[in-house]
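Shared between the two complexes below is chain A, which pairs with chain B and chain C, respectively.
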Partner chain A sequence: MQMNKKWLPYILVSPYILHFIVFVAFPVLFSLVLTFHEWNIISPMKYTGLSNYTKMFNDRMFWKSLTNTFKFLIIHIPLQIVVSLALAEFLNQNIKMKGFFRAAFFLPVIVSGVVVTILWQQLFGFDSGLFNRMLISIGFEKVGWLIDPKIAMGSIAIMATWKNVGLYVILFLVGLQTVPVHYYEAASIEGASHWQKFRKITLPMINPTIFMVVILSTIGGFSLFIEPYIMTGGGPLSSTMSSVLYIYKQAFQYFHMGYSVTLGFFFAMLILGVVVIQKKYIEQGDD
Partner chain B sequence: MKKKILIYTLLIIASLTFLYPFYWMIVASLAPESEIGSLTFLPTSFSWNSYTQMFSKIPIGKAFFNSMITATITTAGVITFSSMVGYALAKMEFKGRQTIFYIIIFTMTLPFQITLIPNYITMVKLGLVDTYAALIIPFMLNAFAILMFRQAFMTIPQALIDAARIDGCSEVRIIFQVLFPNIIPTIVTVGILSFMNSWNEVLWPLIVIRDENLMTMPQMVTLFSVGGRSEAQLGVKLAAAVVLALPIMIAYAFFQKYFIQSMASSGIKE
Partner chain C sequence: MAFASCKKSNDQNNDTLLFWSSNNRGEIEFSEYFVKQWNANQETKIKFQPVPEGQSSEEVILASVVGKTTPDIYANMWQGSVEMYAKAGVLVPLDTLEGFTEFIKARCSKKVLKEITSSDGHIYQVPWKINPIMTIYNKRLLSDFGLSKLPNTYDEYFKAGEKIKADKDNDGYIDQWVGYTAVKVIWYERLMNFYPLYIAASDGGALIKDNKAAFNNEYGVGVFRFLQELYQKEYFSKERLTAGQDRFITEDLLTQWKGPWEIRHVDKFKQRDDFEFSFYPMQVPKEHNGPVYTYSDPKNIVVFNTCKQPQKAWNFIKTLIDKEGDKKLLEITTQLPNRKNLETEEFFQDYFEKNPKMKVFAKQANYLKGIDNCEVIVEVFDIISQEYEACVIYNKKTPEKAIEDAAKAVNNLLKN
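Let's look at the complex of A and B:
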């Protein structure tokens, strides 16, 4: 009985330890080993020294995929913050049907990205897509949403914003409700305008939420995969080749496991670096 | 007053922006193929044609079953194992507790891109490619769920646990019979998030499942959409998308509040 008591906590956490070893610790260490090898899974591993790394630094497609991913983030994050903050600010007023609006904004969040992508592929269609039909009806030219290499990534960023914005509306709503009402009342007595109140009270108060949204959408953006996979296959002219899609292709189209793992390792370090820098910046902002 | 009208107008436009595309998708999937390119509100006639074609081309019913099995077992696993770990971390004293806690925090920040390919290799070496196990086991535990349970158990008064111990309850019975009724909101949150994540996951199934009879729904719809089998027919692709969206949408219609709360709490994890 006494023995049993002593071991019980370890028995309770053992599934986690096992899971951690098999799916986290081992893969991380193994991928470090694999980055120095060439392997297609079937034939034996071949030690190749640093050749995966030199290949990576000279692989223009990989660097293009990184540029594409950053391009996505640069459009996606500001758009996401502006739209979700605006919608949250509207919802935070004394209005009716709040629940309905919230539920409507949230619908795309719960639906599979596959559904959203198939749907938007039709909306973005060049000849008979809904967006181009609307543009024509008000006298504009058709836009090559997914076929113009200059704007295809932007189109995907708009779609991703549409899909995720509802979640960030809710997060901002929570943030907005922490702002004490008497701050606004005091400002009103001083004769502050809505815009002044927003800039001087709301924005500084919800800074933590803004940074949280930045970090969450950064991590989300770095995982971009299924949208280009379905919509464009990475095209046109590789303009929507995201890093995860490229890593996937290296592994499962060309079976370069060692190389693909090298890219994954490097990319993960890059993500960690970006997130750490963002967090540092947040802590400084808090002081 | 003027301001109010402006806000309502903007909110209504915004909700249409989010709702109308779904309306369009459903109507287009029921419209004759020739009309989808000009459809805005209603087609001249409705037909199930796109659906019957889709059902005859892919075993979507089987995929629905696979997704259901995968998501249900994964969710049950996450709730069982994560609550056990969470309980040990919250209410038991043992050597290494702090270390395990830090490991959990660390895994939360680790990008999945680093483990994706090695985990596939593990599946190959364990002979689990093309099995349900490959879809379920890697997701049966997760750091976020453990932290949620730990948090919930910490708020429970020690007296309740002591009383149960005096009554001779085993620790496992304490967790599942005495404490579970007190942390229902946490169970619901973890349950909804695990089910949804499992149901919507597509990259991992694309990697570990090749056998059509074992494919999950998002995977099958994805491959149907990018492959040649939909023969570039818009209606058929949209019908597949509707069938994929419907189960979650129906669940959302009933448990909307819980969905929103759960997702929001997953955002506010720090």
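Let's look at the complex of A and C:
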């Protein structure tokens, strides 16, 4: 009995430990070793020292892909927050068919990313897409949604926002419903306008939710892959080449496993750094 | 794909050879036919299955190589992939097998044999089938627009482009073009536009020669200029027309660059019974003389070194590529065998008489080029594709500069 009690905790955590070793620790360590090697999967690994790292710092396309990813984040995160907060605020009112709207907003989240991307590709079509047809019908010029290098990343950000907005609406809705009603009642008695109540009560009260949405959108945005992979292949003129797409290309198109893993490591560190900075910034705001 | 890298099933023993074909319907039917025949007469049995599902057969094969679960025989290997696998030592050098060299010399031209010989002097692939890229055209549109002859040269093609360009629904935007080709930057799209045009202009010129870029010449520049002008003058659309309806079938395009697979596709989906189409060679500069070459899109058969009985595997492969096998390939899959004198050989004439559109491809089969033997050929095409996009589609570089930059990048790549 004593023996059993001593070993029981280890037995209970062993499935997780095993899972962690096989699917996390080993791949991470193996990848780290790989960053010092050249390997095309099918031939033996060749030790190359720090050459993958020096190659990374001189790889213009990698830095361009990083810039593209940040461009995407700059458009996507504010848009995501504004749209989802506005919709959550709308759903938080006494409106009819609230359940229907909640389900409708959430639907794109559960639809496959590939399906959504193909659907939006049709909508963004230059000659026959619905958006351009609508623009023409009201007397505007057609827009090269996916073929104009200046616009393509913005188009992808709009699509990604539409796809994910439902999830953040739910998060904001939960946040909004935790704000005590008597705060608003007191403010109303003092003559506060809707906007004042939103700025002075709602926003500070849902700050933790905003933080969570920013972090989730940032991590989600950094992993941008399916949309440019299917819609643009990284073009036009590499304007939608995201970092993850570039890492994928290095690994599975050119079989530069060592190099792609090096990029992956650097990218993971970068995400960690950005999230830590965001956390500090938002916490300072709280104080 | 995960299954491809998992352990082989237990029912596969030393007396059974595992054979994977591509998973298109015609090739499955073709493979099943020959496996059934073989198994009825031989002690060593063949177990057939189409290549497992994955994003692409190339990825599935790679996964199986990594997992050491490759089939014994694989039919449908892109010629450009073979060198990488050969260098990794996962393929059987077929020229070491009894009867291989004699058989293949009798079946294929010297040019094909040179093309498939690896840099170490061995042959790791059986040249199997080809799908030459040619220009498909709509016969009615050609006559409706008063074009008395096919637009064979760049200039003639521009003239046709000017005549055909139209805004049919009067919305201020072009919706009828002389042709269309994929604009996506992904490397393999260049196999359907830049590469066959380059081969046509240069009479089968190489992209890589003596481990250096060989396309920085008047032909490479000329092809980029030709394509750039097509987009600049709006004779081609920059939109991905393939995302919706097939615009050749809806008769919005006079031509496209396609292979023989398009015959069945158009016949199946055409919207009018009197829709007539045919094929002619790729466009060339006006000073070009003689026959017009094109890209053959070769797919070959390989034997992996996990095969315990490579000689028996070769004996089976022979049945797929002898005269009867090649005729069945034509009949069942509408693809051409990579065989010399296909156009003139008596044995195949009844097929071509019944299928005159395929006869055009058989004639073209005398003037083909496959892929240069280069381990990093995908990266070479990717580099060309990046410059193609900048120059041809977005007019950000002159053709001279784009080709020069591509050649420099390729030379850097090959140096490393």
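Some observations on this one:
Rule of thumb we're sticking to: the second predicted complex is superposed on the first by the 283 of 287 C-alpha atoms of A that agree within 3 Å, B and C clash if a C-alpha of one lies under 4 Å from a C-alpha of the other, contacts with A are read in each partner's own complex, and residues count from 1 in each chain.
In this text, contacts are C-beta pairs under 8 Å (C-beta built on N, C-alpha and C of every residue); 3 or more make two chains touch, one makes a residue touch a chain.
Because the structure is predicted, anything quoted here is derived from the model rather than measured.
Once the two complexes are overlaid on the shared chain, A:Leu237 sits against chain C while remaining clear of chain B. In the superposition on chain A, A:Val179 makes contact with neither chain B nor chain C. Of the two partner chains placed by the overlay, chain B and chain C both lie in contact with A:Phe252. Of the two partner chains placed by the overlay, only chain C lies in contact with A:Pro149; chain B stays clear of it.
Using the contact criterion defined above for the overlaid structures, shared-chain residue A:Ala192 touches neither chain B nor chain C, since it reaches no partner.
Touching more residues of chain A than its counterpart among chain B and chain C is B. Within the superposed three-chain model, A:Ile136 lies in touch with chain C and out of touch with chain B [touch as defined at top]. In the superposition on chain A, A:Asp127 contacts both chain B and chain C. Using the contact criterion defined above for the overlaid structures, shared-chain residue A:Ile41 touches chain B and also reaches chain C. Of the two partner chains, chain B is the only one touched by A:Val114; chain C is not.
Comparing the two complexes, residues 41, 118, 122, 125, 127-128, 233, 252 of chain A contact chain B in one case and chain C in the other.
Taken together, the chain B residues at the contact with chain A in this complex read 4, 7-8, 10-11, 14-15, 17-19, 21-22, 24-25, 28, 36-38, 40, 81, 84-85, 87-89, 92-94, 97, 100, 103-104, 107, 109-122, 124, 138, 140-141, 146, 171, 196, 199-200, 202-203, 206-207, 218, 221-222, 225-226, 234, 237-238, 240-242, 244-245, 248-249, 252, 256, 259-260, 263-264, 267-268, 270. Considering their complex, residues 59, 62, 65-66, 84-85, 87-90, 171-175, 183-187, 237-241, 243-244, 376, 378-379, 382, 386, 389-390, 393-394, 396 of chain C touch chain A.
Contacts from chain A toward chain B in the complex involve residues 8-10, 12-13, 15-17, 19-20, 22-24, 26-28, 30-31, 34, 41, 87, 90-91, 93, 95, 100-115, 118-120, 122-123, 125, 127-128, 130, 133, 162, 166-168, 170-171, 174, 212, 216, 219, 222-223, 225-226, 229-230, 233, 243-244, 247-248, 251-252, 257, 260-261, 264-265, 267-268, 271-272, 275. Residues 40-43, 118, 121-122, 125-128, 136, 142, 144, 146-147, 149, 232-238, 252-255 of chain A are the ones touching chain C in the complex.
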